[in-house]
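For reference, chains read A, B, C and D in written order, and residue numbers begin at 1 within each chain.
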Amino acid sequence: MYSTLKKHTYILLDPSEGGSFWDKLIDGFIISLILLNVIAVIFETVDSLFLAYGSLFKAFEIFSVCFFTLEYVLRVWTCTYIDKFKHPVTGRLRYIFSFGSLIDLLAIVPFYLPLSTIYDFRFVRVFRLIRFLRVFKLGRYLNATRIISNVFKSKKEELVLCLVITLTLIVVASSLMYFVEHDAQPDKFSSIPETMWWSVTTLTTVGYGDVFPITGLGRILTACISILGIGMFALPAGILASGFSAEFQKLKKEKNTCPHCGKELTNKE
Amino acid sequence: MYSTLKKHTYILLDPSEGGSFWDKLIDGFIISLILLNVIAVIFETVDSLFLAYGSLFKAFEIFSVCFFTLEYVLRVWTCTYIDKFKHPVTGRLRYIFSFGSLIDLLAIVPFYLPLSTIYDFRFVRVFRLIRFLRVFKLGRYLNATRIISNVFKSKKEELVLCLVITLTLIVVASSLMYFVEHDAQPDKFSSIPETMWWSVTTLTTVGYGDVFPITGLGRILTACISILGIGMFALPAGILASGFSAEFQKLKKEKNTCPHCGKELTNKE
Amino acid sequence: MYSTLKKHTYILLDPSEGGSFWDKLIDGFIISLILLNVIAVIFETVDSLFLAYGSLFKAFEIFSVCFFTLEYVLRVWTCTYIDKFKHPVTGRLRYIFSFGSLIDLLAIVPFYLPLSTIYDFRFVRVFRLIRFLRVFKLGRYLNATRIISNVFKSKKEELVLCLVITLTLIVVASSLMYFVEHDAQPDKFSSIPETMWWSVTTLTTVGYGDVFPITGLGRILTACISILGIGMFALPAGILASGFSAEFQKLKKEKNTCPHCGKELTNKE
Amino acid sequence: MYSTLKKHTYILLDPSEGGSFWDKLIDGFIISLILLNVIAVIFETVDSLFLAYGSLFKAFEIFSVCFFTLEYVLRVWTCTYIDKFKHPVTGRLRYIFSFGSLIDLLAIVPFYLPLSTIYDFRFVRVFRLIRFLRVFKLGRYLNATRIISNVFKSKKEELVLCLVITLTLIVVASSLMYFVEHDAQPDKFSSIPETMWWSVTTLTTVGYGDVFPITGLGRILTACISILGIGMFALPAGILASGFSAEFQKLKKEKNTCPHCGKELTNKE
């Protein structure tokens, strides 16, 4: 009976299992509570709203943390239902240290720490939004989520290389710019780490306009960097485009063609 | 005879039907009037032009609204000619509440309301521009319109997921930035909703330069966000690229290859 | 003999014909002179350089215009050598009104007009740069030029539609923004044409930072516009990507496969 | 024995050869020292850090330069081990003037010059970062590096043409803008080279906001330029996307299909 209760609790809490009215109600309630929490964290920071509805925000926070604590305890209790976390002690520990669980824990722990009165950790509740993203693994977005994550997985090395090239470019550009522009604007290009701020805002074409070169050489360098910045956009776009093409072709092939002769099995696409 | 008149009126008003001189004249007149209306709305707001030609703008507005009202009434009257809106009452109601008709209604209604003297609703006439876009469904752009809308339809879920990831990133980045930068610039990063303005202008690489971080940690966070911003450009570009590739290949296949053996039927491409 | 002289002159002037030492010398000289002219036009506008080397600039201008006038006259004289412009009168007239010839004429005419002393038309010489681009139609860039122009030709309608959507978005966004932000910043959002300046700098993610909304609604609208701005980058990128893929596949197929069975003729790629 | 020592030294220094404990230790040490050098160059420029740890930075610089000088000498000595640089004199000279060796030399030479006391050349050590990039040619990123460099090689001509079109656009836009905006803002659009700064920041959508047009015509020109700027992003993105697609398809084909009948040899992808 104890085991049946655990199984039922597990199915109730897991959005990907069970399809009864209560399953859907609990799942919907958890998702709504996550979204409401995020909205509460966001609007709590608006002084006028906090002054007017401070006690309401506080009450909602206490309720949420209580609910999420209960949910967390139940999840840790029932996780042994999954084969991966079967062992009552080591399985549970591995569950606790899984990425999803740590985010769940992170969202409730600051509330219980005396620290939270000294320093403000309420904003960690926003990380629950990452859990909200997991909702897309279900239902009609399952396919899209799988395609996007497959593309990122299959092109991971190329994308990491893009990032390394970008970072190298930022370091080299900052060093050059520092020695070119330091004398003309010693306050804005005061050191290489300071100049990196300029490199980042230029290479990503954000261009706030708080730091920009005024010397001729500095401007020529900026021209080179920002034209290379175009390449930094084109490179990952090209990699992802080819990744998506390959992924969609694979999906289509799986559906439509015979693996032996390559001929289409149906005419509809 | 009443039915024939209705049919002729319908054909006269519908740009996709009829090819006689009068059909083309009426269609061209409606399209020109839409464009002139948009131009009028735009230039009416320039004070110097309004002072000089105010009565002309007014006269043109009265004329346009009269014409579009007549057109609207005739369309509602003749819509029963289409099978979809066949029923004189429910069909007409369904026609009135269709997207295109509501835009037509929205563009003429403010003129008749006393409200328009209190608050200015003339700008809703700009929405007629959306109707102007429907012109591209005809003629030589029909194919291009169909391809673009097909790609958006087939990749809808991936694009929605992109949007959700972007919004999540904006919320998470704003929350982090608020707690990092609030103490240094309490006036600019006064609350999370306020900080979202910074997130949006940074992630989309617009970078107006009215809000930017000044602390070291805030700048490192900005660097991460704006490099992720590159990804936010690359992701939809990649998805759409693969969508267009698939769409054009499908079109080519339909034209050139035998659906059974996959061999080309003609050599020309 | 007259005809032989004409033929030799034609071959000397046309960069795509003839391969003798003198052909290459003349072609190289014309290209160098075009580039030097562009450089002269650019640096003439720098006051300090113009004061120091004004007479040199003037002398170079006189020399260039004389040379280009001679070249233009010789080209008009020899153009009848080409079949397309065979007729001595109508052929020559058609040659004169061809795009390339008009640019050549435009670059020398301002010098002879008394107007040039009143208003400054020297900058039209910069348009010779367009003629310089034609150099890429030759030699090793011929293939690349053909591919890029083929892609633009084959995807012309989709790209035009992109442009129309962009312009519509600019008009609609400007109208909405004007009515949202006009009261808060009457000097910056003074009229819809004025607001279009904001739309353009936001949608293209340039973001100079001279005009930006300060009201909450205006900022939400900006967020929507700039996220749509990402789409405005992704759409043409996707269209061109699929265009290039199709173009390169076509090139590969032409080289490597039998048009009847689709099998590869060589293993090398 | 002399030859064996040379061989062992060569293998010890070359990261792509040898797999013993000492090989990996030396390679890891060199890579760490390069990264530490880059970090030192970056943080040396922060005044507060330099004041506090100046002697430490100096000591580390002396140690690094000694080590890299020793490494350089050993590399020049052992380079004859490679067939390409076999000849003791001409081979060594060719090795010294290879790209990688020149960067190595550039990073140590300023230290020995009396010049370095007059003018600061320490920043050239940052170029060692380029050597760090070569690390990616090894191990798990080898494939990704090869794909990216193959794509750039195969699409080199198209990308060069993109760059030429971009530069032409910058020159033409600057010339037009100078003649349009010079009278309104003689200090900001003082000459065409000065106006090029505006062109670059606009076309690359950086938009610092230090220079922007204020006249109506200037703004219309900016709108055209920045919409063309979207194309300047889409063009290389499209070229690279098709390049990556072709490259990945080639890789897949090499693995999975028979080169004679085009049928798949295995079903797994």
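One rule holds for everything that comes next: a residue touches a chain if its C-beta (ideal position, glycine included) is under 8 Å from a C-beta of that chain, and two chains touch if they have at least 3 such contacts.
All values reported here derive from a predicted model rather than from experimental measurement.
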Practice task
Write down the chain pair with more C-beta contact pairs when A-D is set against A-C.
Solution key: A-D
Exercise for the section: Indicate whether more than half of the residue numbers at the chain A-chain B interface occur in both copies; give same if so and different if not. Expected result: different
Exercise for the section: Could you tell me which chain lies farthest from chain D when each chain's centre is the average position of its Cα atoms? Expected result: B
Exercise for the section: If you line up contacts by residue number, which pair in B-C, A-C or B-D shares over half of them with C-D? Let me know. Expected result: B-C
Completion exercise
Per the C-alpha centroid definition, the whole-Å distance linking chain A and chain C comes out as 42
Completion exercise
Per the C-alpha means, the centres of chain A and chain B lie apart by a whole-Å value of 30
Exercise for the section: Express in whole angstrom the distance between the two chain centres, defined as the mean CA positions of chain A and chain D. Expected result: 30
Completion exercise
Each of the following residues of chain C touches two or more other chains, namely 205-209, 233, 237-239, 241-243, 245, 262
Exercise for the section: If every chain is a node and every touching pair an edge, decide which shape results: line, ring, star, complete or other. Expected result: complete
Handout entry: Of chain A, residues touching chain D in the complex
Key = 157-158, 160-161, 164-165, 168, 171-172, 174-176, 178-179, 190-194, 202, 205-209, 212, 219, 222-223, 226-227, 229-231, 233-235, 237-239, 241-243, 245-246, 250, 259-262
Problem - Touching residues (chain side chain D, partner chain A) in the complex - result: 38, 41-43, 45-47, 120, 123, 126-127, 129-130, 132-133, 136, 140-141, 143-145, 147-148, 151, 163, 166, 196-197, 200-201, 204-210, 232-233, 236-245, 247-249, 252, 262-264, 267, 269
Completion exercise
Per the touch rule, the chain D residues reaching chain B in their complex are 205-209, 237-238, 241, 245
